[in-house]
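All chains are identified by letter, namely A, B and C, in their written order; residue positions are counted from 1 within each chain.
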Amino acid sequence: MIITVKTGQKTELIDITSKIQEAVSASCTGKGMENGLCMIYVPHTTAGVTINENADPDVKSDILMILNKIVPWEAGYRHMEGNSPAHVKATLVGASELVAFENKKLLLGTWQGIFFCEFDGPRTRKVHVKMMPGFRHEI
Amino acid sequence: MIITVKTGQKTELIDITSKIQEAVSASCTGKGMENGLCMIYVPHTTAGVTINENADPDVKSDILMILNKIVPWEAGYRHMEGNSPAHVKATLVGASELVAFENKKLLLGTWQGIFFCEFDGPRTRKVHVKMMPGFRHEI
Amino acid sequence: MIITVKTGQKTELIDITSKIQEAVSASCTGKGMENGLCMIYVPHTTAGVTINENADPDVKSDILMILNKIVPWEAGYRHMEGNSPAHVKATLVGASELVAFENKKLLLGTWQGIFFCEFDGPRTRKVHVKMMPGFRHEI
C-alpha cells in the first residue's frame, strides 16, 4: 500500500501514525492478517522516517534544529543540485522503520509516533507500507 | 516477548545480546521456528538500539562521547522537559534492529553485540523481541 | 546468501544494488518466492549500509565528507585500535536495510541505490542478504 504525504516546509517532521494505522487496518481486513510486522519505507533520497515523541511538537523542532546544525546548509558540497544536506540527513535518519502489529493495531510505545522526515521540501511524497506475517505462536 | 533492561547512567550502552539470544531460544522452542528474523524494538523515545563491537568496552564510551558532542546538552532546546538531547539521539541511533537467526542462534558477526542505548536514564526500560519466519529454502 | 565486497579506500560508499538484485533473483528462482522483503545486513562493526542517490557520485562524497566532520579522526578516543570513528559511523548509519521486492525485483525509488559503507578500509567485507515472505494478498 502506498500513502501520500504533502509537505509544506524545507525541513519538516510530519506525524503519519494515523495514516500508517489506517493502512494496516485496510490491508489486514478480510485477509486473516491479524498479527505481524509493518514496514514503513520512504522511496526518496532526500527524506526519511523516524519514530519519536508525538506529545510535544517542540520535540520535532528540536530534532530538526540539531540535524540542521550537524549537517550545515553550506559546507563546500560537490553535488550541484544544492540539496546535499537533505541526502546526508536521509542517511542519518534512515529510509525505513519496522513496527509490529497485533489484532491490526500498531504496537507503539506510549509516547511513540511515526514521523515522515522532509529534508528538501515542500514536495508531494510517497510512503510504502508493507506487511509481513509473524510466527503464529509468537507475535 | 518483552525483556526488561535496568539502566544506571544518564547515557549508557548496555550489551543485551545474551538476553536477546535467550528470547529467541525461548520463543522458538517447541514451535518449529528454527530460522527467521528477530526484530529488537525499543518502545521508548529517549532510548534506542544499535549493533556494534562487544569486545572492548571503550568502543561503547567512544560512541557515547561522540553522540554527546554531536547533540549537546545545551542548545536552546524548546522542549521543556529538558531531555531533548535524548530524543535527538534516539532518532540518530534508531528504535529497532533486525538480526537473522538459524537453528535458534542469532547470526551476528564475530565482533557484533546488540546494545540497548539509554539516553535519559537511569530508568527501567522495555525491549520488544519479535520473530518472523524466513523462506524455508533460503534463510 | 552472502555476497563479498572489496573496498579500496579508508572510507567509501560502494553501490551494491546490482549485487543485491542478483542475490534476490538467485534466491527466488525455482522456490516460489516472488514477493517479500529483503534484508541487507552487514556483519561488521566498522561498516554499515545505507540507501541514497545513485545518480550523481558527488552525493556519496558529500555524505562521507559530513560523516568525517561529525565524527573526527582525532577526538580523544579511548579504544586503542584507532578505529573508533569507524565504530561511531557504523552506529549512525546502521547495520541493515530492508527493501521490498515484487516479482523478484527490488522496489527501490527512482533515485535510490543500496550502498555498502566502508569506514575502516580497505578490506574484504561480507554482506548477508536474507528474504522474508510477505502476506500473499498484500505485498
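Rule of thumb we're sticking to: contacts are C-beta pairs under 8 Å (C-beta built on N, C-alpha and C of every residue); 3 or more make two chains touch, one makes a residue touch a chain.
Note that the coordinates shown come from a computational prediction; the quantities given were computed from them, not determined experimentally.
Per the C-alpha superposition, chain B sits rotated 120 degrees relative to chain C, a value rounded to a multiple of 5. Because chain A and chain B carry the same sequence, their contact can be compared by residue number, and under half of the numbers here are used by both. Chain A and chain B have CA centres that are 19 Å apart. Residue positions of chain C with contacts to 2 or more other chains are 36, 70, 92, 94, 98, 132-133.
Of all residues in chain B, only 36-37, 50-53, 56, 58-59, 61-63, 65-67, 69-70, 92-94, 97-100, 107-112, 132-135, 137-139 touch chain C in the complex they form.
Put simply, chain C touches chain B in their complex at residues 1, 27, 31, 33, 36, 39, 41-45, 70-71, 75-81, 84, 87-88, 90-92, 94-96, 98, 128, 130-133.
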